[in-house]
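Paired with chain B in one complex and with chain C in the other, chain A is shared by the two complexes that follow.
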Partner chain A sequence: MITIIVAEQFSRYPAGRFTKDGPFSGESFRTKHLVPALRGIENIVIELDGVRGYGSSFLEEAFGGLVRLGFLKNDLKTKIALHAKNKSLTTEILEYIEKAVPTSA
Partner chain B sequence: MSISSEITWLLVVAGWGLTHVFSEARERRKEMRAQLDKLYELLFAIEKDARSFHRSECFDIVKASELILKLNTFERILTRILFVDNFIQNIIQLRRSITLYNFDLSIFSQQALDCDILHKIISACEDFEDAIEQYYLRKYPHTFPYIRFWLDQK
Partner chain C sequence: MWTAPKVFGLIDPNERKLLLISLKQLRQQIGVERKTITLDFTETSKLWSDGTLLFLAELKRLIKITNGDVDILCIQPKVDKVAQAFKQLGLFDLLGINVQITPEDDDVVNWRFACGSQVIGEKYEDILQEYDGNITEILQTSLYTGITEAMANVLNHAYKVLKREDGLNAGSIADWWMFSKYQNSCLYVVFCDLGAGIPRTLPATRRSLWNKIMRKGIKNDGEVIRHAVKDSVSRTKKSHRGKGLGQIVRVIDDIDGSEVLILSNSGAYTLKSDGVPVCRNYNDSILGTLILWNIPLEFKEES
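== the complex of A and B ==
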């Protein structure tokens, strides 16, 4: 199991959807942290607290983007444990995983 | 001490107790109203800033960052005042209406007054205000005893 603390290992100010939007975008978080962890290790704990807020475009690209890349929704739901004081964040992320459509489909 | 004087004392204590409880309830209601009014000020500021951001001619990274900070602050304050589980969908609706579309440098474009994004922002703010007021009215009804002591959280 691996733990990713967003505020410490990525940024306290994550923002933007794509890498061209900035260095701490959703795409960047997905590419640098989520994808390598999911390909290498069974389970991930993501600590979302400590950040000065998340934009929905960041969350959608980071987590919904995993489904578009080909990760299975059920695998993501079982492998990723989201930790946050604000339940709205975990609910919103799970909605993005659920609603995302695989690109190849 | 006679039975009649015991009853008198009992009535006095019970009366004092009831007065205290309703006085506390009234104070709590006033406190809650004041806290909610401040929360609404922040909500209206977020709405105004969000509309201004999406109506801008060019992408403003400072305004975008401030909006995310304000949304985060709004949720933190809401958590302190109310049972936040009742408002999770409202929080998501609000954040999404402002920050899901047209919120990034690479895709930003100036929005028209009657565009879907602005409409969704206004709706999200109105829905949020309505949901909070409904909760407040359930907790502090207009009729006697003016408070529900054991309000179900859902």
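== the complex of A and C ==
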């Protein structure tokens, strides 16, 4: 199992959707942290607290983007454990995973 | 010579008209004619947050477009508070003018200004860090989210689709500007971009919503903004894109007495924490988008 503490290992200032948007975008978080961990077939604990906030574009691209890359929704829900004081945050992320549409090959 | 208006404001139609005419003249003289210019602030006596930020944004953009090649001189304001505010916001430094004035009035020293061209969350600290401890964690998170989503909108919508209709043919300069101040027990946060504006970008960014608006026969910018916000707020079960505007508006959720105002091109949209949205339309366009959050805030007593 691997633990990702967003505020310490990524940034206290996550923001934006794409890498071109800025240095700590959802795409960047997905590429640098989520995908390598999931490719290693590891379970992930993500500590979400400690950052300034999460915009919808960051969260959707980071987590919904996994589905568009081909990760299975059920696998993601099984492998990723989300830790946050604000429970609506985890609900929002699970919703992005659920609503994301896989990109056809 | 460019004569600044007496009042820098965008809400009152007359003040707005005079400011926007002045800004058009500024674009002509710096951006088109590119000759040495003197900015005369002698008569300027009142600076509202909205108009002041738009002016600073326009001026910084013009300096960027012209690579700083146009000499800009300045006649200082007669009104001390206006001079203090310009000093505090860095206007004189921007123009390379040494003005011997120190911002010291309580309602000026807390004015903060930041600008950028990417989604840089850290910029939040430049204008709002000092309020840590005096605003709730929920509000901090909400403001951070609203501001960074506004930055993301700038990059992905405001400048991407269409050019600004200002006659400068300046290409894509995806900059944003923001400002905060604390006055009369209220925190004011203003965010501005000089892109195509929500009403002009909507046909390209949210086609189905735009078609719906057209079917309803809506032609004014205020109503277009209202529909864009409404659609964004209710977007939980729709496409994964387009929620940013909803998060921008929801900053004021559950904060009694707070208000969000969106000015975009000729339209205005106001939402109070306890009320229904109000739309308004002007005869002139700010050629961009400006978001203003107004949040009641009492500072905690230091122990």
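We adopt the following convention: the second predicted complex is superposed on the first by the 103 of 105 C-alpha atoms of A that agree within 3 Å, B and C clash if a C-alpha of one lies under 4 Å from a C-alpha of the other, contacts with A are read in each partner's own complex, and residues count from 1 in each chain.
Just so it is clear, contacts are C-beta pairs under 8 Å (C-beta built on N, C-alpha and C of every residue); 3 or more make two chains touch, one makes a residue touch a chain.
The structure presented is a predicted model; accordingly, all values stated were derived computationally and were not measured.
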Chain C versus chain B on the shared chain A, clash or fit after superposition: clash
Partner chain in contact with A:Ile5 - chain B first, chain C second, else both or neither: neither
Touched partner set for A:Glu95, first chain B, second chain C, both or neither: both
Touching partner for A:Gly64 - first (chain B), second (chain C), both, neither: second
Partner chain in contact with A:Pro23 - chain B first, chain C second, else both or neither: second
Contacts of A:Gly53 with chain B and chain C, given as first, second, both or neither: both
Which superposed partner A:Ala81 touches (first chain B, second chain C, both, neither): neither
Chain B versus chain C as contact partner of A:Tyr13, first or second or both or neither: both
Where chain A meets both chain C and chain B, residue numbers: 13, 15-18, 20-22, 25, 52-58, 60, 86, 95
Chain B contact footprint on chain A (complex, rising order): 13, 15-18, 20-22, 25, 52-58, 60, 85-88, 91-92, 95
Of chain A, residues touching chain C in the complex: 11-18, 20-25, 52-58, 60, 64, 86, 95-96, 99-100
Residues of chain C defined as touching chain A within the complex: 118-122, 124, 140-145, 148-149, 151-152, 155-156, 236-237, 240-241, 243-244, 246-247
Contact set on chain B toward chain A in their complex: 64-65, 68-69, 71-72, 75, 79, 84-85, 88-89, 91-92, 95-96, 98-101, 103-107
